[in-house]
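The same chain A turns up in both complexes below, where it pairs with chain B and then with chain C.
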Partner chain A sequence: MTTPLIKPPRKDPLARTRLPLLPPAARSRTAHGLTAAAAEGRFALQVCQDCAAVVYPPRDACPSCLSARLPFRDVDPRGKLTVETTVRVSPEPYFRERVPWRVGLVKLDVGPMVVAHLHGDTREGEVVCLALKLDRSGAPVMLALPEKDTPHMADDPILRELTCDPKFRRILITDGRNAVGQAMAKAFADAGASAIFVGIADPWKPFAGEAALKAIAGVEIVPLDLTDSASVDKLAAQNGGRIDIVVNTAEHVRPGGVIGGDGVTVAREAMELRYLGLMRLAQAFGPGLRMRGADGVNSSAAFVNLLSVHALANWPAYGVYSAAEAACLSLAQSLRAELRPGGVKVLNVFAGPLETEWFQTVPPPKVAPAALAKAVVGALRQGIEDVYVGDVAQDIRARLDINPKALERELGE
Partner chain B sequence: MNAPDLLSFATAVSSGAIRVVDLTQTLTPEFPIIALPPELGQCAPFRLEEISRYDQRGPAWYWNNFSMGEHTGTHFDAPIHWVSGKDLPDNAVDSIPPRNFIAPACVVDCSAESAADADFTLTIPFVEAWEGKHGRVAAGSWLLLRTDWSKRDARAYANLKEDGAHTPGPAPEVVKWLVEERDILGFGTETIGTDAGQGHHFNPPFPAHFYMHGKGRYGLQCLTNLDLLPPTGAVIIAAPLKIRQGSGSPLRVLALIASR
Partner chain C sequence: MTAPPASARSSLRRSYDGVVACLPVTIPYRRYSVNGAQWWVGRALHDLIKGAGLRPKDIDGLSVSSFTMAPDSAIGLTQHYGLSPRWLDNVPLGGASAVVALRRAARAVQAGDADLVACVAGDTNHVDSFRKTLAHFSRFAQDAVYPYGAGGANASFALIAKNYMNTFGARREDFGKLCVAQRANALNFPHALMKSPLTLDAYMAARPIADPIHLFDCVMPCAGAEAFLVCREDTARSLGLPGVRVLATIERHHAFPDDPVQIRGGWAVDVDELWAMAGVTPDAVDFVETYDDYPVISMMQFEDLGFCAKGEGPDFVRAHSFTNDGDFPHNTSGGQLSVGQAGAAGGYLGLVEAMRQLTGTALGNPLAHADIGLVSGFGMINYDRGLSSCAAVLARPS
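Take a look at the complex of A and B:
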């Protein structure tokens, strides 16, 4: 079993905050096939289309038959940890700070031999399950996990280094007025977050669920209005240094396309709250997150964007909404690159229509706020970058892969 | 008749013989605005974005861009704001004769009644009783409803319940009477609107808007410091921004009162 994590003591205010360092990030273009799989929490290796050999490390030609047709496919992640060692001295600044560090060779059942980081509960000679993880530099690495779950296994230091587990971390949920923000507060409380700051705009307006939200253990209501730069800056000035995960739950869902006669007022409100709101949040909290990426057990870890899957492909029935979501996705891509030097991940969570008031007339399947919150916590524990929650999001993702033009037509019908 | 002595007026202002009372709420992002059902178009709240503050964006100067709706903060309602006043001449803020921006005020104190009942409704007998003490409401005056609502915190000020806002305002018949029988210039309140919070249930709905603007009269709302004004004798300066075809505008509202 893993030694359970204890709640980190208060920081010595006289000690310097150590700056984040990153493990080596360079990968070939072909090897980014592993990045793509790791970003979604899949385990994929190259499989030769001509001779069916499973290939690792990534190559441009099959070592068995020289075929260049080597697409990445999800494969069985199980294998045997044949040999292990413990690195005690490393020339790499990142690893120097983290030794001793266990690594080993895993013989996969599907063929290849893989060098992997080792979870503390793996043993030489035993069956392990490999996972592709994104390390602090955003590069894909192999991690060997015990075949079956072990007690407190999420508290393993190497696993925690590769993920964004909310346990003992301090969370900012940007909008607690809506059902999603409230479900998120509950989910993070259940996940062991040590503090949950929940933003409320226009406190003079009562809202449904107010009493229940305030009753969740660890929740602290803070004034926050993403449409107001001064409000965002003020909260960051007061609390930015002790927020480890930002979860942007602001939503602006309105039906309607471009030429429906609403002018630009609604679109402007959507962009003000969603796009500029995200920018304000990132500008106010980004520098602190990036600086605190190696700040102990409760280091900064992630910035979570809740996005409509229609950020990827516009749904004209909600056309203006889809476009604002697309703008947020684009901004999140920039933010991801800008936070990477701090080892901080940007998690984009794509969902179809939610089981909320603004999607009242949309038929199921819809994603319940609690299911969305559970998916967010799960994705942070996995350390992934992109997650597709629910049937609609997964369906859009799949159809986009096959034929984006067909999807565009079908969404417009 | 001699020409008015404007210089002695200016001297009286600078000497303090005429006091200037600011009836304006400070424009801040936090100040409540009208809350409408979310599927309807919304009035934008006040927002401020720094252009530069003696920094790399402008080394020696500080300035901001601001944005808001025409009906945000302490603001003026022009007749064109309401459907009943849409076809009147000179009904927008840019075409209202500027002499109408300076006028005397009758201040009707309903603060005790409003403290006792958030849905307090101003009636004709209430105004007649006021006239019994302070004289007839003069034609061309503002009628300002003092409720001390501006002294409340933001939540109590908006006072939103599950069935909507609960704030004081005028009954339909008193608005009609003030326009037709007293010929007032306009109606002003401390609350978010000139109408009562439950005014959409009146007949006609939103009577202060319907009757005032239907007869080319004006509205002032989100006023403050009405408790500093005498029942009669104050002169109001309320000049909205000159927005082409503007339905209203945030503005600085000043009252001039003679020092005792």
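Take a look at the complex of A and C:
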């Protein structure tokens, strides 16, 4: 059984903050097939298209038939923990300050023998379930989990190192005026976050759901306007050192394409709030997040971008909106690389139209704010990097894989 | 068409008659060195040429093994050292380097492709260079082993040792017996980095590194170089060098891929051929030099090379004594466990020591009888197991 975490005490302001170190990040290009699966929380290995052999470690030729046709496919993650060891001495600084560290050999039912990190509730000789996780370097690693869930298993130190579990962490939600921000606050409170700072621009203006938001345990309303650099910098100066997960819930949804409509006015507004707002947020809070990646139980962990799935493929009915979302996605890719030295993940959450006022005329299926919030918390607990929420997002993801040109045409019809 | 069985193939192999290995050279090991691998290899070549009374241009064959000479490979060394060989080999096989270099060089000499082959292995050990070697040892290690605790060979062999203990009932005391005996053998060996006696109690009480591997199961990475010369028997005689005869050799890579965890090496495939070619049985050898980075691998070699059956390694160890004055002299210079592991030169340690014992020039404790010796090599944990295995049966000069 995992020893449950206890809430970390208030930090000694005079104590030095331990700087983040990273596990070995180097991987071959082929091994990044594992990165792609781990980023979405899938368990995929190479499967030979000619002889069906399941192959690991990643190869460029099948060891059974020398075929080069070795795509990554989802496979059964179960196996037996054949033998284990506890590493007590390691030359790598990252592991040196984290030993003892259990690793073992897992014989997968589908064939390969896999070197894996071991969850504390796994035992030699027993059935385990492998998961592909992104470690603090953003590199894919194998983790052996017990076959069935065990009490407090998320509190296992190795698993927590590989995830961004909100439990006992402090959250910044950038806009609590909208339904998504409010649902997010509720979900993080339920997930055991120890403090939830919720940004409100012009707090003197009342808004729907205000009373319910303020009633959520742990919520503290803070003034925050992402279109105003001074406002963002002021909040970072006050609270930046004690925020572990940033969730950007700012939204700017307007129908309309490029020609006609409101000219550049709407586009400028959208970019000001969404693109430049994201940049202000990242510039103000990024350095603190990157410094505090190894700061104990409540180390910094993640930066969450809520994006439209139409960031990936423009939807001309909401063409200007889609373009602003695409700009945010591109910026998030840069931010992901820039936060990686701190072991901090950037979680991109792709959703289809939401069940909110600005999508009033759009037919279902739509994503309820509470469902989006649940997906975000789930993704952080899993430690994944990209999540597609709802039927529309899943559909567009699948169609992009098959034929992006067909998707482009069909979105314009 | 299927390959002929090993028993049929062995009859096709020619003997190494007329070829010898001579002039064992050791450049004393150091824990850390400020010099590069090229310095260490260069010192070994210098001593080899000086010992044979030759000039650099007389060397017409060169075989090099090193982990740390990047960005050079063997070819760059020819210009570095002013050599102009007509036969050049690079043997990047770690603990299997020496026997593999020997058998290739012997064939080259036998065929007339070269007359004087310098076989040399050398590595440096800078502060922190060992970690970098581990991190980039192989693609599989980089992708699928090193990110898991970065325990390096210690962690990989811990899994192999633990599985061997679970499967065959070996105990830590059995591994300890080998380590203690090797340390006793090392006490008079001038180049050994470990110079204080080791007791079984101290072995058992050592700090854990990666369970069940404890401190004295591990070799100490260091800098050093080893070398020898391969030539015709008459050439050696004309140079006044006693030449060790090569009775038989084997080499095998990536044997038994279907064993879930390594419990044997490639020796088990070729062991019958080894003894048939040598024309002797295992009980004819006076001493054995195994590749000993971790005593469990020595135990596997006793089994796979025919001294006992698979799984009987622990009983074999309990029934014998392994010091130079014992009934099964083993790793007579102290092995890498006591001398240190100078990268690829570690693979040469046993062969060079065997040459000295067979020519009556032991630097440490000489054996009472040393007519025939067995040297075996093992190397290259690419992913979850050592891939290369090899062995040679050697005999004193005729």
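Simple rule for what comes next: the second predicted complex is superposed on the first by the 413 of 413 C-alpha atoms of A that agree within 3 Å, B and C clash if a C-alpha of one lies under 4 Å from a C-alpha of the other, contacts with A are read in each partner's own complex, and residues count from 1 in each chain.
Going forward, contacts are C-beta pairs under 8 Å (C-beta built on N, C-alpha and C of every residue); 3 or more make two chains touch, one makes a residue touch a chain.
Quick caveat: nothing in here was measured; it's all calculated off a predicted structure.
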item	value
Superposed partners chain B and chain C on chain A - clash or fit	fit
Contacts of A:Ser231 with chain B and chain C, given as first, second, both or neither	first
First (chain B), second (chain C), both or neither touched by A:Glu269	first
Touched partner set for A:Val83, first chain B, second chain C, both or neither	second
Which superposed partner A:Gly260 touches (first chain B, second chain C, both, neither)	neither
Residues of chain A touched, compared between chain B and chain C (which is higher)	C
First (chain B), second (chain C), both or neither touched by A:Gly296	neither
Touched partner set for A:Lys205, first chain B, second chain C, both or neither	first
Distance of closest approach, chain C and chain B, by C-alpha atoms in Å	38
Chain B - residues contacting chain A, complex	29, 32, 35, 39, 41-42, 45, 47-50, 153-155, 157-158, 160-161
Chain A to chain C touching residues, read off their complex	23-28, 31, 56-58, 63, 82-92, 94-95, 99, 101, 103-105, 107, 113-117, 135, 137, 139, 141-142
Chain B contact footprint on chain A (complex, rising order)	202-206, 225, 227-231, 254, 262, 265-266, 269
Sites on chain C touched by chain A in the complex	130-131, 134-136, 139-140, 142-152, 154-155, 158-159, 162-163, 166, 207-213, 257, 260-261, 383-384
